[in-house]
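Okay, so chain A shows up in both of these, paired with chain B first and chain C after.
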Partner chain A sequence: MSDSSLTFTRQSDWRVWFAIPVLAVAGLFALLGEWIAPYSVTGYDYTAILSSPTAAHWFGTDELGRDILSRLIIASRTSVAVALGATLFAAITGSLIGLLVSYIGGRLEAAVSSAADIFIALPDIFFAILVMSLVAPNPTILTITIGIIYMPQFTKIVSAMVQSARHADYVTAARSMGASGTRIIFSDILPNILPIIVVKFTLTISSALLLEASLSFLGLGAPPPNTSWGQMVGSLKPYIYNNPWPIVFPSLMIFFVIMAVNVLGDWFQDYVNPEVRR
Partner chain B sequence: MNYYLRRLAVAIATVLISSSLVFFAIRILPGDPVMMLLGESAATPEVIARMAERLGMDAPLHVQYFRWLTDLLQLDFGTSIGTGLPVANELIKRLPRSLELMAGGILVSLSIGIPLGVVAARRPDSFIGNAASVLALIGLSAPTFVKGLILIIIFSITLGLLPSSGFTPFTQDPVANLRNLILPSLTLGLGFAGVVQRITRASLAETLGKDYVRTVRAKGVSENASVYRHALPNAMIPVIAVVGIRIGSMLGGMVVIENLFNWPGLSSYLIEACYARDYPAIQACLVVIFFVFSLVSLSMDVLMGIINPRRRDV
Partner chain C sequence: MTTASAKPSASAPLLSVRDLSVQFARKDGGLAPAVRSLSFDLRRGEVLALVGESGCGKSATALALIGLLARNARVGGSVEFDGRNLLSLPEREWETIRGRRIAMIFQDPMTALDPLYRIGEQIAEALRRHLDLSSVALRTRVNELLTLVGIDDPELRVRQFPHQLSGGLRQRVVIAIALACNPEVVIADEPTTALDVTIQAQIVKLLADLNRKVGMGMIFISHDLGVVSQIADKIAVMYAGQVVESGPCAELLRDPRHPYTKALLASVPNPAMAPKQFLNAILGTVPDMARLEAGCTFRNRCPQAQEGCHAEPGLTGISPSRFARCWFAETGSYEGMERQAIRPFS
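After this line comes the complex of A and B, so read on.
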């Protein structure tokens, strides 16, 4: 027993020590953006077009001679804000709907839960593509669209958990003490299911990051002058045969940030739910 | 109700609900397709009326909906705004290409994921077992286009071994067709290889601990035979289930892959139609994609019911 808990500590350290620095860098980039970027977004350098990493341009330059590192830093804001905003939107509205329908219960709960099942099974990108082709996209619309796409997942998880909590001893106890339905949901059930919602929240951030990156890569994200990591990759793609270097860095950025979020979610899952871990 | 009938009902409901969502989203969301197509400047009332008629958007909503449904049942997917040709022609041409890519991706994920999973299950603490698990994690976390770009940079740009884009029909030149297929299928399959590896490892490790495997070993059957002939077939059931569940995200991944490798399948058609705001084509592509999704999920469910009869009772 002591052996397995030792391995767990080591493992969790590895995951936390990988995830925190990566996310801290992404967060700092997103917050400080133009103050720490070495060049301005419009800093065209016509003497260095699609250059490989040099002393002047650490990550190289793009097809207009703009510094990749600076654009990467400035693009962080859109990528991070859209993913975080969408996940917050999905978590809050989805959980509230989940709580509401399980409070009402009966046919409505069953119907909402089956509808959520069908929606969750469908690939997420297609509805986003549809919406982006119908409206003139901007970061707010993108955030809300992605948020709505992940909303049913929270509805489903919350209503399933409330259902199983309904017969738990602590709920029976609260009810026997005369607590009202709303009180039971908000001050007894919600705090108990919150850790699971937090795990879901973390994993949804990674899905949202990926979805935003994919849409922007396809040219269906927020249009210029907004930049995001995925948009950088998409716009550098045609020049990959001229020089593959510039595209490597935004790609790696997306990869590391998504991996860090996943690994952190994984760690948090073990943390709140120790009996599941191997 | 019978298991198969229930699965069929879910599949039909999925197609109907998802395609209706597409139908209503196009007509109800704030963006007006007619205005999006025409732009603000050219919009005299007659022009708007003519375009609305061309899009079939001049009738009341419920009339449009039933007209659209009955057309759909007769495989009439409407006329493309861009080319003026029936969308169905394009769909028939492109659907097999997407299915080919999908088959390639599934083949790659199984042929990489299963052996790596077996290795990790048989030697959990060995170097190779751990390496297999780390590779799986990377395959899972890397976004599709990152994997695809890495493969392009290695195999097309640096080594010059494989083409990074394009498509040759199989009937015209089978070798060229398969060479074009390799990189996109690898990109699609690598992520799922990670999933397949994880499930294979967990499921085989569990099966190897079962009583019947112990009995097989006690009877003196060789280690390899007890793993491959007795344990592995049973351990494959969850793997098939997961492939079925993951079909949706595979279709989603194909959007990026077809774009990245210029593979002229259904998803590239969808994206081209989005750029051109060709609404009949967008609508038709999505309906066909959701139909393929439901059909594949349904076949996986049927397959699971046949291999694992216990599932039918649930």
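After this line comes the complex of A and C, so read on.
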């Protein structure tokens, strides 16, 4: 039996050492892009078109001679904001609907649950393409569309978790001590399902990043002058045989950020579990 | 044994249950009865044991008494407590009674505690809910409760999480939570079933001591007559949702009148039994409550069943305090079943 003072000593974990720097860099890029980027987004350099990494252009240049590193930094804002915004939208609305619906229960819950099932069965990208080709795309619409796509997943998870948590003995025990319905939802049920929501949240961030990248790759994302990592990969794709270098960097960026998010979610799941946290 | 109760039991009953019935609405629109016309009185300082097999309605009774039955339950009859009928109480008022005046001890201490909160926090939570205590008084009371339930080193325990405690300790914590606000009635739903036998004896002894010290009325639900014999003042044996026999503990155990009670007594394991001898089991199974036939509910398993048992027996008075639901209750004569004396092992 460990002394409770040991409970909070955390061992250093490689997952944290990997994820935090990657996400810090992405966050810094997203926040301070214009000030960090060595060149402007529209800084055409016709003397270096589709160049490999050089001293002047560390990550090379695109087909118009624009600096890849600068564009990568500037693009972070759209990629990160859309993914984070969409996930927040999905998590908050989806979880609240899930909590509310399972609190009310009965037919409403069954109806919402079936509707969510149908929606989840639609391929993400299909719904996104449908919406984005019907409206004039802009970053806000893109964010909300992606948010709506992931919302039912939160609703399903939360209502299923509440269902099982509601019948947990400790919840009955809390009720037997006179705790009210709302008190139980917020102090017993929510904390117990929160780790799952947070893990789902991080997984959704990576899905949203990937979905945004896919849409932008297809030219259905935020329109120029907005740029995102996916959009860069898409616009560099035709030149992959001329010079594969430039396309490597935005692709790697997507890869590392998604991996960092997933790994951090994984670590968090262990961290909040009192049985693993020692 | 606590047959010599601290307080006289001649006073007005604390909890008075009359004709309690619980039915569960099924998906197909039918009703499945779980408890049928149950009546008993519980006095201050008294321990009433509800005994029976799984599915006989013990837990449904417990949940009805604390107002926590599932939504599809239909309840009838009355539960008189402090001049009010608990069964018609709105939820708002229930919340002021649950935990404060009627509390419950749960069966499985492994799941009855919230894994995310420290022990001290969980006990304090119960106190905070009903009593207005300063943070110092709260701490003192939490430590006091842990000491009361026999936990050493409360200062350490309050900072621990449930998974850091053994099953016996957790059950003591569950008991401490139930006793936090000095309830008048404590419902213990199989409080020892999930524990090792040695720990069981400790917990039963603890509950008996607490009952004597604190003087609350206790409803002790169990399937184990051996355990019950150590703590109960009165016993009500339940079968298929009904009380089939009730009476003072010692008397009922010495001279059981219902064949089901006799069978239960005969199936209590006895260390004096010969090695490798099989335990006495009651043949057959509990009838399906949704498809009860008329007549005595025990007759398909009863060694003394006769033609006349197709008519339903009522509760027959054997003495002013003893009743049995059997056509042969008065004589208690029967053949074909060995009667075994039960010896409390404390």
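Just so it is clear, the second predicted complex is superposed on the first by the 251 of 278 C-alpha atoms of A that agree within 3 Å, B and C clash if a C-alpha of one lies under 4 Å from a C-alpha of the other, contacts with A are read in each partner's own complex, and residues count from 1 in each chain.
Assume a contact is a pair of C-beta atoms (placed from the backbone, for glycine too) under 8 Å apart; a residue touches a chain by one contact, two chains touch by 3 or more.
Nothing here was measured: the structure is a model prediction, and the numbers come from that model.
Looking at the overlay, does A:I49 come into contact with chain B only (first), chain C only (second), both, or neither?
Touch status of A:I49: no partner.
A:Y241 contacts which: chain B (first), chain C (second), both, neither?
Only chain B; A:Y241 stays clear of chain C.
Look at A:I144 in the shared chain and tell me whether it touches chain B only, chain C only, both, or neither; answer first, second, both or neither.
neither
Just chain B (first), just chain C (second), both, or neither: which does A:A121 touch?
First partner only.
Give one of first, second, both or neither to describe whether A:L218 is in contact with chain B, with chain C, with both, or with none.
Touch partner of A:L218: chain B, not chain C.
Quick one: is A:L130 in contact with chain B, with chain C, with both, or with neither? Answer first, second, both or neither.
A:L130: touches chain B, not chain C.
Once the shared chain is lined up, is A:V16 touching chain B (first), chain C (second), both, or neither of them?
After superposing on A, A:V16 lies clear of both chain B and chain C.
Of chain B and chain C, which one contacts the greater number of residues in chain A?
When the residues of chain A touched by each partner are counted, B comes out ahead.
Do chain B and chain C land on any of the same chain A residues, and which?
none
Which of the residues in chain C come into contact with chain A in the complex?
Going through chain C, the ones touching chain A are 66, 68, 71, 94-100, 103-104, 106-108, 111-116, 118, 125-126, 129-130, 156, 159-161, 163-164, 174, 177-178, 180.
Over in the complex, which chain A residues touch chain C? Could you list them?
It comes out as residues 1-2, 4, 7, 105, 168-170, 172-180, 187-188, 191-192, 274-275.
What residues of chain B sit close enough to touch chain A in their complex?
10, 13-14, 17-18, 21-22, 25-26, 29-31, 33, 36, 137-138, 140-146, 149-150, 152-153, 157, 245, 248-249, 251-252, 255-256, 259-260, 270-271, 273-275, 277, 282, 286, 289-290, 293, 297
Could you list, by residue number, the parts of chain A that touch chain B in their complex?
Contact set of chain A toward chain B: 115, 118, 121-127, 129-136, 210, 213-214, 217-220, 230, 233, 237, 240-241, 244, 247-248, 251-252, 254-255, 258-259, 262.
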